[in-house]
Each structure stands twice: as structure tokens, then as C-alpha cells.
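Okay, so subunit A shows up in both of these, paired with subunit B first and subunit C after.
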Partner chain A sequence: MTETKQLQPQDVLAMAESLRPQLGSGFRDEIVQSMYTEAQRIVDRAVNKGSKKKWDLDQRIDRLVTSPIFGLPIMLLILAAVFWITIVGANVPSQMLATGLFWIEEQAANLFTSIGIPWWITGFIWHGVYRGLAWVISVMLPPMAIFFPVFTILEDLGYLPRVAFNLDWMFKKAGAHGKQALTMAMGFGCNAAGVVATRVIDSPRERLIAILTNNFVPCNGRFPTLIMLATVFVAASFPPVFSSFVAAGTVVGVVLIGVFFTMLMSWILSRTVLKGEASAFTLELPPYRRPSIGRILYTSIIDRTIFVLWRAILTAAPAGAAIWILGNINIQGVSLAQLIANFLDPLGFLIGLDGVILLAYIIAIPANEIVVPTMMMVYMGVGMMTDPPSYSQLHTLLVDGHGWTMLTAVNLMLFSLLHNPCATTIMTIYKETKSKKWAALSVVITLGTAFIVTFLTATIARLAGWV
Partner chain B sequence: MEGSFWILLILLVVFIVAVFFLPRYGILSRWQHYQKSVEREALEDALKYIFDQEQQGHYVHQDALRGALEISAKRIYSLLDQMESQGLIQHEQSQIILTENGEKLALQIVRAHRLWERYLADEARLPLNKVHSVAHRREHGMSSTQIEELDAALGHPLADPHGDPIPNAAGIFRPHEKGTNLNHWEENTPGKIIHLEDEPPLAFAQILATGLKLGQTIRILEKNNQRIVLTDGENEFTLAPAVAANVFLQELSETDQALRDAIPLTALKGTQPAEIVQLDERCQGFTRRRFLDLGLTPGTTIYAELENAFGDPRAYRVRGTLIALRKDQADDIWVKPLPQA
Partner chain C sequence: MTAQLAQMGLKVDNFDRIIALAGNPNTGKSTLFNALTGLKQHTGNWPGKTVTRAEGGYEFQNVKYKLVDLPGTYSLLSASQDEEVARDFILFGQPDCTIVVTDATALERNLNLVIQVLEITDKAVVAVNLMDEARRKGIEVDTRSLSRDLGVPSIPIVARTGEGIQMLLSTVAEVIEGEVKTQPIRVQGSPEYQRSITTLAEQIEQLYPGVPNARWLAIRLLDGDARVQSAIASGEISELVASQRRADVQFSRKMAVEGRQ
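Moving on, here comes the complex of A and B:
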């Protein structure tokens, strides 16, 4: 055996260090170029290019959907259609689910009572935890199970990158990425899913912007609240013929306000906290493809719907428990919920709301679906989450019974739009960014905006003597 | 009633004491931490300044250092004392000289600063005139492991975005060419800008304001004591000789020659096909990697296919796929128009 000096790792490193200056700066480029040259050689030999026909069709569709005249209308039309299908399609299954799930609750509660289990155990388990779960599932599941597959079809078709292409000029001005339009659209379904969807944005800075501002898009947990308020308060002051148009117009208006705040916040973020983060814009426009149904069902049901639903269930059960406890523990004949609401009243007044609404929002941090039922529970003085009565009764209950005004309704809509993300979304932001700092920031900026905006509208309305 | 008052009072006192004196999170320890970091920053800035002056062959006096750091006379004494006790500097008569350790530390800070500049320009795509000040804030308090990680993440760059060399971990500058000062460049000989000195900032701002860029090919049209007029073939740039002393040129290499009749991708009209000549030097880091990933390598055929209603972004057909690029990015891709197929 010959005596050779053992090569030590540090020797190799030292050698690499000494050789590095000779490489020049472009050696990475050369590596990539040689790889592409080789790939091209193989392609030229092995791939038989088909006819140019499909290409021409693709180009024609591209010209149409990105044209200055038709591009925007087509986009709005498709978006409106998606909403219409979701809302109309989810109505019946939602009610069926609610009927079924609440029937189970009633039967189970009766069973518990009949075998002599104390009322508070029955109440806590069935009217608290179970009711919270049932509520979230029946409100959340049907719209998501419709919205996500429809959205995935558009994704699969290849239409969505064209939307990003069309709208990029707007996002560029705000320092954001065109693909944020897609994650925002996803946010209509669920903000947590919207946050996950920001993975399509490959540039770190723009991705963080999209994550932090996604909550300014109202998700389907908040839409029912907006629709209810728009119908009961805004539309009610118009003749019945127009009322449904006015209600729809109001909801669209609220969404546009959300878009405005998204842009404003993106602009501010990209120029302040996110200034030093990495950034780049490239957008691939894939060829149009026929969607594959199996994959769509898989990604939209398993990846999105079940994923979001599971997280919501995890947070809704404790919320249901908390609501039941607050509604059923009485101190000197007044429920804990009412007491806390009274305590929060001054703060609520300051921003044009009241203590009950703030309480509902605090309890509903896990899931926005239960804001209205919780409010109804306290307003009507019952011990569990309750459906609002018919719209005219609701109007009487809120206005005559609890001093609501137009300002309360408008500010509640604004607060619902701008306030902090639900627990599921906050958890998702933490998981996606792997940083408590960004998760906390997402709460601070949204809650801060909500308080400032509602405080301003309340103050202005009061100074101007509108209320 | 009496009892609860005392309990509340005690709780309040405990709370206030905790807020002030809690280790790590208390206001007091945060303030101390902040003070320490301010001191460390001043020390590092002082080291860098002395090192810089020594590199240029000047010796540093106390007053000059105080002026450069903009701190009070009292603080400069304590700072110098501290540096001397740590064995970073020596006094020789009234001159301040770095010890070996001091030089080592100074080099590490220079390294951190230039790596940060590289990161900010390449990855964060910060405008070049903002890079220096942000890097200046971030360079402090980095451990050598952190610096190594930054270096590795950037792919061991040789020079900062102004063209200044980055010393390696052992504190050795890698060999690099500084080029020829614009004042000494011959008229009408084309040259490539390889270095723009960023100090003093005023002169650097003037250079940037004219639109001159690193990697640009220029030649001198006119040169006298008042001004130097340059051209890149399209635009003319006028500089005062004092400012021109901060611009350094190098002779053109082969690829630079090829680049001379190339146009930026944005200047391509209609569906005119073109061949990619090169990605611009200033396009580095994340964007460059993305471009290479997408197959935008020299020699590739590219043409514009789809334009946004607002003209930006534009989608280009490359290797059979359609890729949308914003204007400021497409500007970094140099192409040579091909005859229409």
C-alpha cells in the first residue's frame, strides 16, 4: 500500500475556493444553457410536432379573452356566473343539511334528558359543541363543495392565468403580482384556501403581500351576513321592485371596497415592511386544455374542501362550547354573554356598533359563520345559537329592540369585510409563512383597518347628524 | 373592599415591576440591548471607515473619524478606548491604525455590507441608489455563520452591484479588475462600464440620474476640462470630470461585441422573431434564475405573441410556451432581430 496523504474535507474546500475566481460570473448560465441545448437536441430527434391547428385556436381564444374590449366583460361575466351557481346551488343542500343536523341534535338531546342526564351536560354537548359544528358545516360545506370544483375547472382550462395577465397592470401599481387576482378570487370561497393558493406566486415578496391582504376579500362565511344586512337595511329603504337589485349592488359595492383596501394595503406593505424581500414577475400562460374531471374532484374536494372544513371543525367545536357557556351561566339573572356585551358597549358605540356585535366577533374568531347566530342568541335572550327570524321581524328586533340604525348596518358590513382573519386562516398563514410575525401582522393590519375605518364612518355620520 | 384594594395594588406593582425589569422582555433589558447594538454599530462603522481610509493610503485622525461618524467628542473617546481595549486599533502619535484583529473584523463588515448590497439589488430588486443605505443598516451584528449562509445563498458572488470586490471568508479580496477611470479612457474607443463608485453618494446619484448603468457599452464623444460627453449609440450622457472619475471602463470582450447591435426585448415590434443574445448583467439573482429556468438562454428564438390592453405585460412565445413578462424585466433581455419567417 502506498503512503498517500489522506484528502481532508477542508483541503477540498480550500481548493474549491481557490478555483472559484477562475469560474467567472456566468458559469451558472453556461450550465443551464448546455442543459437546454441537450434537451433541444433530444426534442428535435424524438418529438414529432403535430398540426398547427390547435395553436391557432389557442391564439384566437387568447386574443379574445385578453382583448381591450371583451377581456374585462368576459372576466366579470364568468365571475358572476361562478357566484350565481355557488349561491343558488348551495341554498337547498344547506337547508337540508341544517334540517338534518339539527334534527339529530334535538333527538339526541331528548334522549339524554329521558335517561336522566343533567341538563347542563346535555346542553353543553348538544346545544353547545354539536350545534356549533352543525352550524359551521351546514353553512360552509355546500358553497365550498360547489365553488371549489367550479373554480378548479377554470384553473384547469387555463383561463385563470389569462385573468392574471389582464389585471397585472393594476397589481403592478400596488407593488403586487397579477396572480394575486387568482388568490383573491379563491378567497371568495375561503380565505384559508386563498392563502394556500398563494403558492402559485413564485416571488417571495409578492406572495407575502397576497397572503397578508387576502382577508380583505369576503369569504363565503361572511357573505350571508353581508347579504342579510344589504337586504334588511339598505334594500328595505327602496321600492320592492328594485330591492333585490339594490341588495346585490350593495354586496358588490362592499366587495369593491374590499378590493380597494387590498390594493391600498398591498401598496403600503410593498413600500414598508416588505421592502427588502425578494421579488420577480414571470407568468406562464399554459395552452388551453380539456379539464380532467377526476383530478378536479380530487383537488377541489380533498385538497381544498375537506382540508378547510376539517380545520374549521377543529375550531368551531370549542367556539360552540364557549358560546353555550356564555349564554347559560347567569349572574344575578343576567347571562354572562349579556354582561360582557354590556362591558363592550362603549367600545362598540365608538365604532358605530354595539357590545353584542363585538362579543359575537370575539367568540366567532374560530369561524365567521357563527357571528349572526351568536348575535341573535344574545339579542333574543335564548341559551343557544339561533337563526335570525324572518327579515321583517329581524328589522323590528334590531331597530326597535336594540337601537340599530343605518350606521350600525353599514359599519357592521365594513367591519365584517375588514376585520381580522378567522382562526383557521391565521393558522394557515402561520403554516404557509412559518412565521408568527407574519401571522400576527395579518391580524394587526386587518383589525387596525377595521377599527380605523368604522371609527371614521361613525364619527363622520354623527358629526353630520345622519344618525 | 379593603382587601381587594390591596390585592389590586400589589398586582399592579408586580405588573409594573415586571414590565420594567423582566429579563429579556422588560423595558430595561430591551433598552440595554438597544444601547449595545447602537454602540456596536458605531464601532463597526468606525472600523469600516478607518479600513477604507487605510486602503486608500490615508491615515485617520480622531477628528476626521468623528466627522465621518457624526458623533459627539465624548462618545468618540469612549469608543476609541473601547476599540483599543479590545485590541482592534493602535494609536501612533495622533494617527489611528488598525491592528491585525481590527482589520479582520473590518473586512468581515465590508464583506457583510457588500453581500447585503448584492442581495438587495439581485433578490429584492431594490433601486441601486437605495441599496447602500439599506445594506448599511443590515450589515451590523451578523455572526460569521450568518454571513457564510448569505454568501452561499447568493452563490459566492465576486463583486457587489457597484462592481466593488467582496472579500472571502478569510478576508482576502478575490482578484478583480477595477478597469480604467473614464477620465483616462481614449476618445471614440468603445468600452464597457464595469464599476460605478458609490461614494460619495452625491456623485453616484448624479451618475444614476444620467441613466448610465453597470455593463453598458459606451464611447466618449467629447472630452474637455468642463465636461465629458458619452454615447451608448442612442442617447448622450454629459458628466463633469469630477463625477466621471467615479466611472470605470474595460475593453469589450467577444460577447460584448455581439451585444452591440442587440436591442432590448421590449423594443421588438409586432410578431418579429428574434434570437436571445444575452441576459443583462444587472439582472441577477432570483430573476435571472427564473429566466434561465424558463429556458431564456442565449440562442433561443423568441417573439411577442400577446399584448395586454395596457401594453404591459407582454406575452412571448419561447420554446413552444407562452410566458408573460413585465416591461422592466423584458428590458433585461437582449435580442437580435431575425428575418421574418
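Moving on, here comes the complex of A and C:
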């Protein structure tokens, strides 16, 4: 034998092609089928099913929480309960933290002044960097320390896939993947995490939709903002007995608006740039499991609360410094912060906000969680307010001092819900899609929606004479 | 856990063995991973929690193991990103042993993946997890019968409490050392099918000597798997074997430096 010709990859492929027809058309199904049969046979021999009591309980619960009639209301009730617990539980610790931390600021600043350290060093460190940190910790820590464990319990119990099941039909109508409900739920924790979680979606088209719309659910960084506004403005106009319920209801309402825009934008995308049909998939409803306390505490406190807080602190310190500098560099007697705010005012007015709020949003691009603290600091810097206000004084400060109305509060909530993703999320979108185009589009879509919606609400409210 | 097991967290630099953790979604792979390594990989009761792979180390009876937690998948035959991660690693990462984690309360569904993994590799152990849940539901699992039928050891465990983990680890060690001989079940199909696979597999081995599993590649080729076709046509197969090894080394370093993914 003289075989001189060396074997080439093409030869092997060709051989596969020539062998395949000999096997008959149904051979693939046959193989898969025989795998299933084999699995079934093995299980029949090895498993004794016995009584199915517990199973029945699981199924009965599932029939209720995924029922077409009660599924969605139950979901909303659970969501409202989570927010209510967070609002009620976080209020007092937030104020205590604020009081304590700002007391430290004052004492430390006095000490610095008394030993003759120049005013600008004292100001920069204590009224700048430190104040930024104090705001972030007092506004964010208590709600997170309550929200995350409660959310993690739901996750560990196995409730999230039921949510996906309940929302599946909506996503299908929007031309998106049903698993987007899962990634959306992850977005409540962190939009960057939600974007990474979209890897469970097979179809690239539907995955992109899930990525581009993930930011429409408020992440934990934005929840404190929403909770604060809901408590201070919306709930304040109701009798105190109801106020916590109204606040929780308002936050649920905002979340629903976010879900609505997720659907709307998915629908628009799947009919324009990302055309296609929704693909079918099987969603497994895992058995309910008793959450393990240790793991919940670890996950929610270390992985989530501390992780998010640390990130906020890292961005809040420089933001605090930036605001202090902007507030203390004067050009012809007017501070730089005031100048920028004045410049942004017309645009802010157009969408029912003001220049200071927009300035705060620009400074807070690295991390959404510091918008409210930044805003407060700019107001206090600009308005020569030295005493940090308590939660209850906040209302007076904003309404009387800076002309806030219900429209401002509502539009700020809408803007916070809809505006561009934070820097981390934009980076994550870029990494996941490997495309600057999609990363940029995610900003354009969200910011565009935010401006259009707030412009509409502001215009309508003004035309109707509500403000 | 007992003295024999030492959790090594992210210290995976000087490992002696690589173990892959595969399984359906939501069967407790990450829980087992955490129990063995002492790491805190996020676990959650919903399918699809782990979308990338995580690595960690443990030491058992003075042997250092690197453990790779793969995304949960129902099969290895489709092409979503998470399934590809799992299948590429089992095939090209050449783990010394693959632990397939299964849910004792849903074995029918889980065994499909087990059988597919066994098509790829001989070195496997089936961990029948969530035995406590099965007991609560009155489900009895005869793991000896499972072992006999599958041709690889099946060990009942409860990853959450650590029950059965010693047994699992010593079995994994025995499989790697060849003290336990495995004879995985292979779906037979028709005689023509068998013949075709054998012929193709021989050719693939001739083309790419040392390729990890020519038989499995032959099956995929017959099936018309576009990914495998292009990998063979372009010579990517041999490249893949090499690059997966490189990537593993780099990945371990990265993990050790950054502490997490």
C-alpha cells in the first residue's frame, strides 16, 4: 500500500456528509429519543416515588401564585410589602445616622478651626469629602440593609421564576424573551448584574433587547432616592397613619411605570432595529426551598449591601470634593456651582426640574446612588444652608427654599427611573455586547425616554394649571 | 466538615487535579462548590444563576484539586453561551474528573444531561444531591442501581449540610487514580450508526492526534453540528485544546489576583 496523500479536514467532513444519508433522516431524533428512553428506564429501576404529600403542597402554592387571576395581584402585594418594610424600618435609623454623622462633621470642623487649620482645608475635608460620605451612608445604608435580605429571601425561596412565569405572556407580546423577567428582577439589585444575567437568553436578538431595557427597572442605588421622594413629598400630603403605605404604594407605582417602559421599549425595539419573533423556551419552576439564614445574611450583607455601599462611598467622596470646590470657587461673587446651575435652569425648567438637580445628575454619572446627596449638597452649598436638615425638615427646605412642587418630586422620580445607566452598567453593556454602538444606544434610549416623558408631564401639568 | 477536607478558597495555583462541576440548572452545583472551596459564590433558587464559570480550590487527602463550577445546562447540544462554556470545558479543558450534580427529586430530567456528559468523558461521578428534599417528599433513590446502570459511581449527598461529601470526594479520587473503573453507558443506536461513528472517529484521531474525545466529535459531525464542523475544518480543534489549556492557566491567575470574576 502506498498512501501518499495526507488526510485533510475536508475529507473527514466529506465522509461525515456521505455517511449521514445512509443513516436515514430520523436518526437524530432516534438518538435523542433513545437517550430519553434510557434515562427513563434507569430512573424507573432506581427511584421509588412513594407518597407525594409535600409535592402537592408545592403545586397548590404554585397554582395560586402563578394563577392567571391572582398571580399578578399577589406579586404586587409582595412587592409592596417589601417596600413597606424597607420604608418603615429604614426611617428611624436613617435619621439617627444622619444626626450622628453630621454631629461628627461639625465637631471635627470646629476642632480644625480652633487649632488654626486654614478654612479651605477644613471645608474641603469635612464639608466636602466627609459630608458626601455621611450623606451616602445615612441615606443608603438603612434601606439597603433591610431591602436586600428581604429580596434575597424571596430569591432563595424560589419566587423569582414564578415572577418570570407570570410576566412571560407580556414579554412575548413585546417580542422579547420570557427569561427577560428574570434578568429584569436581577436589575432591581443592580443593573450591571442584570445585564450580565442576560447570558441565560440564547437568542442574540432577544438578549440585546433585555440588555438595552434593563435600566428601566430601578436598581438599589436608585431605590433610596425613590423612597425618599415618596416619603417626603407624596406621602407627606396624607394623614400620618397612611403615610408609610402611600409611600410604599408610590414606589410600587414607579416600579410599574418602569416595567411598562421595559415592555414598551422591548416592543419598539423588536419591531425596528431588532426585528424578530419571540422564541419559545421552557421555564422550570424549582421546588420551594427553606432559605438558609446564614447564606441570606452573607449574600445580602456582604455581597450586596457592603459591595454597593463601598462603590457609593468611592464615588461619593470625590463627588463631595467636586461639589465643595464648585461651591467655593467664586467668579464675581457667584459660585461656580450656582453659575452652572443657572445655566442648566432653562433646560431643567422645561422638564419640570431645575438646574441644581441636573447638575447633581451630571456629577453623579459614575453612580446613581449619590444623586440625592449630591443635590442636597449643592442646595446647601448654594443656599448657604449650614445645618444639615433632618428627613422632616427636608420638605420645608426644598419646598420653601427652592420652590419644589409635587411636579418636581414626581418628575425627579420619573427622571431617576428612566435616565441613563450608571457608568458601571454602561461599561458592562459594552463588555457584554462588545459594541460601542449598543452601549451608546443604551444611553440614548434611556436618556431620550427620560427627557420626553418628563417634558410631557411638566407641560401637561402646567397647561392643566396644576402647578 | 472533617479534617480530611481543607477548603482552599481561591488558592488554585499549584493544583494537582482539575475537577469540573456540571449539572442541570438549580441542582445545587454552586452550593457544593461553596461547601468544598469555602468560597461564597452566589447561590440562588432559580435556574441560570451561574452564567460564567467560577473556580476554587480544595485539598483532600493531601491532593490539591482545582474545582471549576460550570453554568447549569439541560443539554450540551444547543448553542447558547452558557451551554457552550460548559461543553467546551468538559471536552477541551480535559478535567481529570467531572462531577455531574443531579437533583434527586427530578432524576428523569437530570439523567439526560448525565448521559450526554458520559458520551464525552469516561471520568465522571454522579452526585445525587438534594437527598434531604427527596426524603421529605418520600422519594427513595437507589444509588447502587444508578451506578450499575450508568457505569459510573453515583453518590447520594446533601450539599447544604455536607452529608455524603466525604464519600463523594474519595470516590472522585478513586476514579482519577483508576482504582474505580468506569464503564459509562453509551447510547447504542443502530449498527450502521455504530459503524459510522467508529469510522469517523478513527479519521478524526488520524487527523488530530491526541484529540480528547474523537468519538463524541464524530457523533456531533454526523449530527451536523456547525460549531464542531467549523472547528474541524479550520484546524481549530487542535488550537482549541491548546488554547483552553492556556486560558485555564490565565484564568486561574486572574482569579487569584482579583479575588473574583
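In this text, the second predicted complex is superposed on the first by the 234 of 467 C-alpha atoms of A that agree within 3 Å, B and C clash if a C-alpha of one lies under 4 Å from a C-alpha of the other, contacts with A are read in each partner's own complex, and residues count from 1 in each chain.
Definition applied: a contact is a pair of C-beta atoms (placed from the backbone, for glycine too) under 8 Å apart; a residue touches a chain by one contact, two chains touch by 3 or more.
Remember, it's a predicted structure, so these values are computed and weren't measured experimentally.
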item	value
Partner chain in contact with A:289 - subunit B first, subunit C second, else both or neither	second
Which of subunit B and subunit C A:279 touches, first, second, both or neither	first
Partner chain in contact with A:68 - subunit B first, subunit C second, else both or neither	first
More subunit A residues in contact [subunit B versus subunit C]	C
Partner chain in contact with A:13 - subunit B first, subunit C second, else both or neither	second
Contacts of A:155 with subunit B and subunit C, given as first, second, both or neither	second
First (subunit B), second (subunit C), both or neither touched by A:431	neither
Subunit B versus subunit C as contact partner of A:60, first or second or both or neither	neither
Which of subunit B and subunit C A:172 touches, first, second, both or neither	first
Partner chain in contact with A:298 - subunit B first, subunit C second, else both or neither	second
On subunit A, positions contacted by subunit B and by subunit C	20, 28, 36, 40, 202, 283-284, 286-287
Parts of subunit B lying in touch with subunit A, wherever the complex brings them together	120, 123-126, 134, 138, 155-158, 168, 174-175, 279, 285-295, 297-300, 305-310, 312-313, 315, 319, 321-326, 329
Of all residues in subunit A, those that touch subunit B in their complex	17, 20-21, 25, 28-29, 32-33, 36-37, 40, 59, 62-63, 66-68, 71, 165-166, 168-169, 172, 178, 202-203, 205, 275-287
Footprint of subunit A on subunit C - complex, ascending	25-26, 40, 42-48, 51-52, 71, 78-82, 105, 107-108, 111-112, 114-116, 133, 136-143, 145-146, 149-150, 160, 185, 187-190, 192-193, 196, 199-200, 203-204, 206-207, 218-219, 221-224, 229, 232-235
Contacting residues of subunit A [partner subunit C, same complex]	7-13, 15-16, 19-20, 22-23, 27-28, 30-31, 34-36, 38-43, 45-55, 152, 155-158, 160-161, 179, 182, 196-197, 199-202, 283-284, 286-289, 291-292, 295, 298-299, 302-303
